[in-house]
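Just below sit the structures, each encoded as structure tokens.
Both complexes shown next keep chain A, but they swap its partner, so chain B is in the first and chain C is in the second.
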Partner chain A sequence: MADVTIKELVKSYDKKHLILDHINLEIKDGELMVFVGPSGCGKSTLLRTIAGLESITDGEISISNRRVNNLPPQQRNIAMVFQNYALYPHMSVRDNMSFPLRMQKMPAQEITQQVETVAEQLDITRLLDKKPKQLSGGQRQRVAMGRALVRQPEVFLMDEPLSNLDAKLRVQIRSEIATIQRQLGVTTVYVTHDQVEAMTLGQRVAVLKDGILQQVAPPDELYSRPANVFVAQFIGSPGMNIIPCRISGDELVLPLEKEPVCWPLPEEMRAGLEHLSRDEDIWLGLRPEAFRLSAQGQESSLSLPCQVLDAEFLGYDTLLRFQLTAPFKTALNIGEQTFTARIFQQLNCAVGENITLNVDVRTACFFDQSGTAV
Partner chain B sequence: MNNTFRRDNRVGWLMAAPALTGLALFIGLPFLLALILSFTNLKLASPLPLTFVGLQHYARILQDPVFLRALLNNLLFAVVVVPLQTGCALLLALLVNRKLPGMVVFRTLFFLPVIFPFALISVVWMLLYAPGPNGVINSVLELLTFGFWQPQDFLHNQYLALPAIMVVSIWQGAGFQMIVYLAGLQDISEELYEAARLDGANSWQQFWYVTFPCLRNTTLFVVSVTTILSFRLFDQVQIMTKGGPLNATATVVFEAVRAAFERQQIARGSAMTVVFFIIVLCLTVFQRRMVSEDRRVG
Partner chain C sequence: MRKILLTLFLAATALLYAAPILFMVYSSFKPDNEVLVGLTSGRFFAADLSWQNYADVFHRVSFGRYLFNSLFITLSVVLLGLVVNSLAGYAFARLHWFGHKALFGLVLALMIIPFEAIAVPMFYQMSYLGWRDSYLVQILPFVANAFSIYLFYTFFIGLPREFEEAARVDGAGTFRIFTSLILPNSKPAFASVTILTFLMQWGTFLWPLMVTSGERVRPLPVAVAQFQTLPPLQWGDIMAFGVMMVAPVMVIFLLFQRWFVAGIAATGTKG
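For the complex of A and B:
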């Protein structure tokens, strides 16, 4: 078992454009860390530098306090599950799983025993004598995990291991991975571009964008206290709604021209916002769940007039896409920007209809002009 | 449904027609003629009437020491050239498959001998093999052995003539097999090597456990084509040694040509080509068997 420490890691292919930009990250012993971010943000590259498949331009990577910058992958005692599984096509499942042990010159008897134990754990005993081509995608995925697990690596890396599977199987194997990881307690790094996968699987999640680490936090913190606008909008489906606002004393002000709308802030929220000056333009972040459909005649000061663009009924809840209407629309200078609310109640409104939504500011987040959380 | 199927079939045949006609006209028909002629006593400028003689020619050529020598030469040639040429081709392919600048130049250089006409190559090599201490190869060997090498007349020495031809053939043929291997190498996914490295395999183990098995079908193809080409050996012999000395470089095709066109024994020559055809057929069937087996299991 091991922890992984990454210090000031820089990766660049052309010495100009940084693919990974001064990454600092500590992965604890036995932790399941997920790297998430949009396509091309450098998640795979970061994973591959840990594996030693990619050289690093600057910085330091250590595993169990051992600096591994210049160690080849053979000497890092790391196992990896590839997106396309990378099973050796000419070898049977048994031989595939034995391979890393044979490379370690383990006695044949021990190899057989270890392979069978892991095969049982993963429920692939009956596949042991088949060739990879004879397996389904899900079975191949399991074999790839088996090959990584038999050698009891210090660190276990997975690069989008579920992306070639259908939605149902993905959910199933996702929870199996979580279970196995907990049982074995092996330090694991999991790469995905799917934020749902990241949130359900990760003990901690690292969000990357353009090679820059945005935030590292447990899923609940990532959701409730995103470090910046990017994380707020990337995490959650749909992401956070961002509206311009100001803070004035103990009130939240939507700066309408004629008559600003003031919402009193709950006591517990005021503390962190005191340092903001009166006229500073900031951003208000509201999760889709922060909206309620207000009953007729129950409009309070915390409500927004809006126009329904469409409503997606998802069974338990409904996703309501809407625009703000006058006077908010022009005054806030938000143009045609659309927002999404998640409504947990029976909804019968037509597209284009004007309704009023109440806002629960208790879960709101605030970001300064640069997009950083305040 | 049935109708469309039949129409599709017809279109298919139509498209294949030009190639099929060519095949039938230039390969099927001549072979059929050779097969029929091999059972007759046809001999150009012979006063005897044409009759069927059954398997007589086959019985005779299989007892003819020169033809048997030719068969043996072909076999020797195959046994030496196939592994050596395949090995060289694989080695060259591995060398030029690296992602270094200038590799295209090397690929082209190694491939060049393939596109030269054999007449040219033979002339060049005959100069290289020139007898006496001034011949290029003789003087190089003398230099390398610090003067111990006695100058040889390679192409007229009954022990050196066949090896000399083998060397030329390998030099000329390896470039083509290299390209085939290069295609095979580039088909192997980079991820397999990465997985092998993480599994702890060193370079040699990566070659032995990943590269080589993944090239199985390529190797089968290369080996069987090289074997067939070894049995077809003719140009080199015709130009460089004329089958000599003492039949040391006679080959099946060379003998067939000599019988038919030097001694006018058309029927006898035909019988030899039929024997040649049967050998090639066996090799091809064997290769196809091996490849399809891999498809089924792999």
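For the complex of A and C:
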């Protein structure tokens, strides 16, 4: 069992452009931490520096309070599952799984025993004598997990392990990974570009962008209190809607030219916004489920006139893509920007139709001009 | 109709290329005085065929010795070359040390230097070392080969890096990774290099002619050239000699053909 500590980690290939920019992160013993971000954000590189497959330019990585900066991968007591599984094609499943143990010079009898125990755990005993190319994607995935598990590592590293599987299998194996991780209690770092995977799997999620750590938090906090506009829009499917606004005293103001729309803020929200200077331009962040059709609207909510662009019926709910109409559209200077609402009621409107949506501001987030949450 | 014409054309072309070999094999069984009769003379296909020419070759020269020399030299170059060149190719493909790119560029540049250009200086060098008229002088200079290194390099660079990273995490060192993972998954590359080196080495003529002076270490290509000048001039014997010289190459090719084709496809080598 181990915790992983990353201090001021910098990675750069040319000493000018930083791939990882002063990362500070603590992964607790037994925790399942997910790194998520768009491609090229440095999440895989960060994982590979923990594995020892990439050197670091500056900073420190410790596993179980042991500085591992200069240790080769095999001395870090980690195991890794790769995106394309990296099973050795010329070896049977049994040989693949026993390879790391043979490298440790474990007695043959113990190897056999350990491999069979793990195979049973993962339900792959009947595959032991097959070659990787005879296996389906899901089976390969399980063998790759098995190869990592037999070593009983202190830290388990997974680099987009589900991205080669079809959607249904992905959901199934995702929950298996979560179950196994809970049972074994091994500290696990999991990299994915899929925010749904990150939210469902992670006990905590680290969001990265351009090599900079944006926020580390449990999934619910990431969703309800994103640290900045990037996290707000990246997390959630679809992401948060961002609308320019102003806070004026106790009121939220949408700065329309002739007649600004003012709306009194609920008591509990005022406290957090007191430090803002009067009439400072900020951003209002609204989750898609903060919108309601006006027919069912509450008196107290903010109303927005909009035009329906399209509606995706998803069964339980409907995703409504819309644009604000005049006077909001021009006054807020948002051009052709589109927004998405998640409506839980039957929708009786056609594409192109003008409707009014009410907004429940109680779940709103606010961001300053730099995009940081206020 | 087009297909028939195309087939005929291809068959004719194939025959054109195969004709000298067919002529050689057929003539090797003919009596010496029948070998050079014209195709239209009516006697071309009428000769008495026998193994006599083959027996004559063994009787007139130490063919066995030459065959052994050729096999020993060629197999040594091939086997040592596989070890040296594959390791070099792997090092260039995967290990990164200061100046490895420049060094690789230099190795590639060696491919454009024709052997004939350096034959004389090398002859002096070998004479200076006192290696003339030995197996060593025919083996050692040809073990490391820029083209083979390049072939291995292109193949290894195409292997998924994750294999090696997985093995590294599993606790294997670089040499272990090479022997346990790279070797078993690089059969096509090894087959291509084996066959290309074998062909090149088997037919080599100029260098052994320069550095050998007797039958003790002399290989087949030099021997066949000498055999032609050995009176009496007997064409049937020369053809039999030729057949016996080509046969091992044929065997090697047939043995490795499957991998050879795969290797050529995998390394993108042509011609």
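Here is the rule we go by: the second predicted complex is superposed on the first by the 368 of 374 C-alpha atoms of A that agree within 3 Å, B and C clash if a C-alpha of one lies under 4 Å from a C-alpha of the other, contacts with A are read in each partner's own complex, and residues count from 1 in each chain.
In this section, a contact is a pair of C-beta atoms (placed from the backbone, for glycine too) under 8 Å apart; a residue touches a chain by one contact, two chains touch by 3 or more.
Everything numeric here is computed off the predicted structure, so don't read it as measured data.
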Determine, for the superposed arrangement built on chain A, whether chain B and chain C clash or fit. clash
Return first, second, both or neither, reflecting whether A:107 touches chain B, chain C, both chains, or no partner chain. neither
Considering only the touch criterion stated at the top, classify A:315 as touching first (chain B), second (chain C), both, or neither. neither
Between chain B (first) and chain C (second), which does A:133 come into contact with in this model arrangement: first, second, both, or neither? first
State whether A:90 touches chain B only (first), chain C only (second), both chains, or neither. both
What residues on chain A does chain C touch that chain B touches too? 51-53, 72-74, 78-80, 82, 84, 86, 88-90, 99-100, 103-104, 147, 151
Interface with chain B, chain A side, in the complex: residues 51-53, 72-74, 76, 78-80, 82, 84, 86, 88-91, 99-100, 103-104, 131, 133, 147, 151
Per the contact definition, I'd like the list of chain B residues that touch chain A in the complex. 189, 191-192, 194-202, 205, 209-210, 213-214, 216, 297-298
Going by the contact rule at the top, pick out the chain A residues touching chain C in the complex. 51-53, 72-74, 78-80, 82-84, 86, 88-90, 99-100, 103-104, 147, 151
In the complex formed with chain A, which residues of chain C make contact? 160, 162-163, 165-172, 176, 180-181, 184-185
